[in-house]
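As written, the chains take the letters A, B and C, and residue 1 is the first residue of each chain.
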């Protein structure tokens, strides 16, 4: 050993935690969501409501719709991931590379499709209700998720894959040990987007009687009740912000070290 | 090839044969590589032998097919036709992944996996070979030591916390993990700053002294090739070998104008850089120790018809010069003499220094003679400007003789 | 009634709604581009201002379109205004973000060189930074346009203009004869419009990006 070297000092600083100042800021979003949420619900308790408003703003009804909304979002997201992740991996294999432009092209057209159009089309062909809404949600958000998985895998430095193959890793190990872990940041960001997107699209499910907080908004517009409309809108917005916040935390926690 | 009762069938068995594996030869026979959609072959009928335990540099301009040639050895690229034998075994008869685990692979900018720690990067191949955990971690530490990184400090770091030079040290360690007989290095030091590059080149030579692997080294840097290569293959388009010879031969007798142009001018200066002081005939000054009597030493000097004596300590380490004039009329021992200002050395050079460094030292030194030391600073001789001049003349003469001899044997020699 | 017959029987109205949709999106994206680029230029040099601007726009972006429309209907009433406001707000984020990324992505040595030969701040911005950041900004505009198209469809729910009307009249008549036709016309019309807009923006990009940059891109 002729020259034992030590690591440059400057780089150690980067390892340290973020300054304390930004820690409480992490809690800002849930606090604000809780505060606005409580104020909104509180208002519906104390304000004078007519019978139409009272029906669609009762605590039990709100809780039901919230629960349905979460159900729509979670089930559709899980299905989307179950389809998009394996498919994205498959399409990114070397022997499937020819299909990349076609898949990306379809994904682009898919993104140009208005989500409300997708939902109504499903209702007009399959029928109304929960499961047609789920199908519409999955159809709508599977393409961006698929594209994210593909992009995530494609942006992995080709030199690293070459190095992995060069030291004798079989293809499956290159995928499991190198490509997927390195694609995790992009894939996770994609999942977060999918999740938030699905909260929004799930709101549109209210149009086809599939439940969810969207129904409150629809009821508000159809019955010309601004309070109902406002409460429904606020709750959807708060749910989206909360889901985004949780997904953000999970994304950070699952980030591979060293990147 | 190691002798064993059963002939090994794969590089893996070959590698597992010895405790520590030295290199095995590599033969490329009529190798052709055509890429679909391109005119002409990337590698056009290449035949060459890479001797065991040597560093062979593939040197050529970018796009000449040198990297393609190298990547065919570990089958990252499959040849269109031809055969590649590694340690006498056909590369194509072995599973590519298993073959690659026994061929070290080092690429530009190291290609370390950023999400794995340094230790885990190095451990990849042993893991794939199914080694036990203890053995792997011991091997990781051993390799980190070998490449000059303190294991305790570096094992658990991530590649991005390392400098470029440190990353490439880890890259070399990863390549050496399963003690492969063959190493492929694709412009490994190309992205480093000049000082780090020099350091790592020296380290590689030191490692090679210890390990004697067969190393195929791709570069387009002439100085790097001359410094590292036991042999250098200068390649033209289609990986055609223009000249395949030692650095000395290429410098003293370039095969054609292409080679001449490629290696550039100043070939004598490059020869100086190439030759180590310990490899040339040194001046032998009269030696003395502190305890010798001045009269005896004076007699020795007169016998040797020399004016200067070098004074060594008990471990043969040089202390100072004494001149005949100083000894004139002295009675006691050498140690009794008062050393004059000009008797002290301002420079001592190591036997491992190049002749270029020796010339540099001579031009800067007050004296016309500079002592040379070997291991543990033992005195081995002295060097003067005429020593250097003579050494260069001898190299040229030797190359000329060898050329004639080869011509007489009517063989094309290694140059194809 | 087939899809073609449906289109033929209402061609005047469909043409009007298509034009209306296109003009609504074009205007909203134009406004969003002006605001987004101006805002981007104003904040990109200051880290705090950048964080505030992107934070606010991404907050708006996270709010689902139906909810944002609902929130806007209360102060703005039904019709064109909530639709236009919502679409413009959504279109803002990609444009603002790409403006900031584009401007900060300009090689600082080029800015240095421009200052060095005596260009004023404004001139550096208009002659060096904006032209170099333009491809990035434009790709933000493309994303914004795609987004605006989809959200424009929901606008009909709050009595906004455009092809969304077809989708919602389809919804209102689910099960009836022309429900599927109306929805299909709405959806396909919007997809086609989106693709045409995207093609136009790609063309604009080709025409307005310096050839010197495109060589590398």
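Methods note: a residue touches a chain if its C-beta (ideal position, glycine included) is under 8 Å from a C-beta of that chain, and two chains touch if they have at least 3 such contacts.
The chain lineup, named per UniProt: A = Permease; B = ABC-type quaternary amine transporter; C = ABC transporter permease.
For clarity, every value in this text was computed on a predicted model and none was experimentally measured.
*Asks:* Average the C-alpha coordinates of each chain, average all protein C-alpha coordinates together, and give the chain whose average is closest to the overall one.
*Replies:* Chain A is the most central one.
*Asks:* Which chain lies the greatest distance away from chain C (ABC transporter permease) when centres are computed from Cα atoms alone?
*Replies:* The most distant chain relative to chain C (ABC transporter permease) turns out to be B.
*Asks:* Please report how many Å separate the Cα centroid of chain B from that of chain C (ABC transporter permease), as a whole number.
*Replies:* Between these chains, centre-to-centre, one finds 62 Å.
*Asks:* Roughly how many whole angstrom separate the Cα centroids of chain A (Permease) and chain B?
*Replies:* Taking the mean C-alpha position of each chain, the two centres sit 56 Å apart.
*Asks:* Using mean C-alpha positions as chain centres, tell me how far chain A (Permease) is from chain C (ABC transporter permease) in Å, no decimals.
*Replies:* One centre to the other, that is 21 Å.
*Asks:* By the touch rule stated above, which residues of chain B touch at least two different other chains?
*Replies:* none
*Asks:* Along chain B, where are the residues that touch chain A (Permease) in the complex?
*Replies:* By the definition above, chain B touches chain A (Permease) via 74, 76, 96-103, 105, 107-109, 111-117, 124-125, 128, 145-146, 148-150, 153-154, 157-163, 165-166, 174-175, 177, 184, 199, 203, 206.
*Asks:* In the complex formed with chain B, which residues of chain A (Permease) make contact?
*Replies:* Going by the criterion above, the answer is residues 1-8, 11-12, 15, 157, 159-160, 162-170, 173, 177-178, 181-182, 256-259.
*Asks:* Show which residues of chain A (Permease) lie in contact with chain C (ABC transporter permease) when the two form their complex.
*Replies:* 109, 111-118, 120-121, 123-125, 128, 196, 199-201, 203-204, 206-208, 214, 217, 220-221, 226, 229-230, 232-234, 236-237, 240-241, 244
*Asks:* Could you pull out which chain C (ABC transporter permease) residues touch chain A (Permease) in their complex?
*Replies:* Within the complex, chain C (ABC transporter permease) touches chain A (Permease) at residues 59, 62-71, 73-74, 146, 149-154, 157-158, 164, 167-168, 170-171, 174, 179-180, 183-184, 186-187, 190-191, 194-195, 198.
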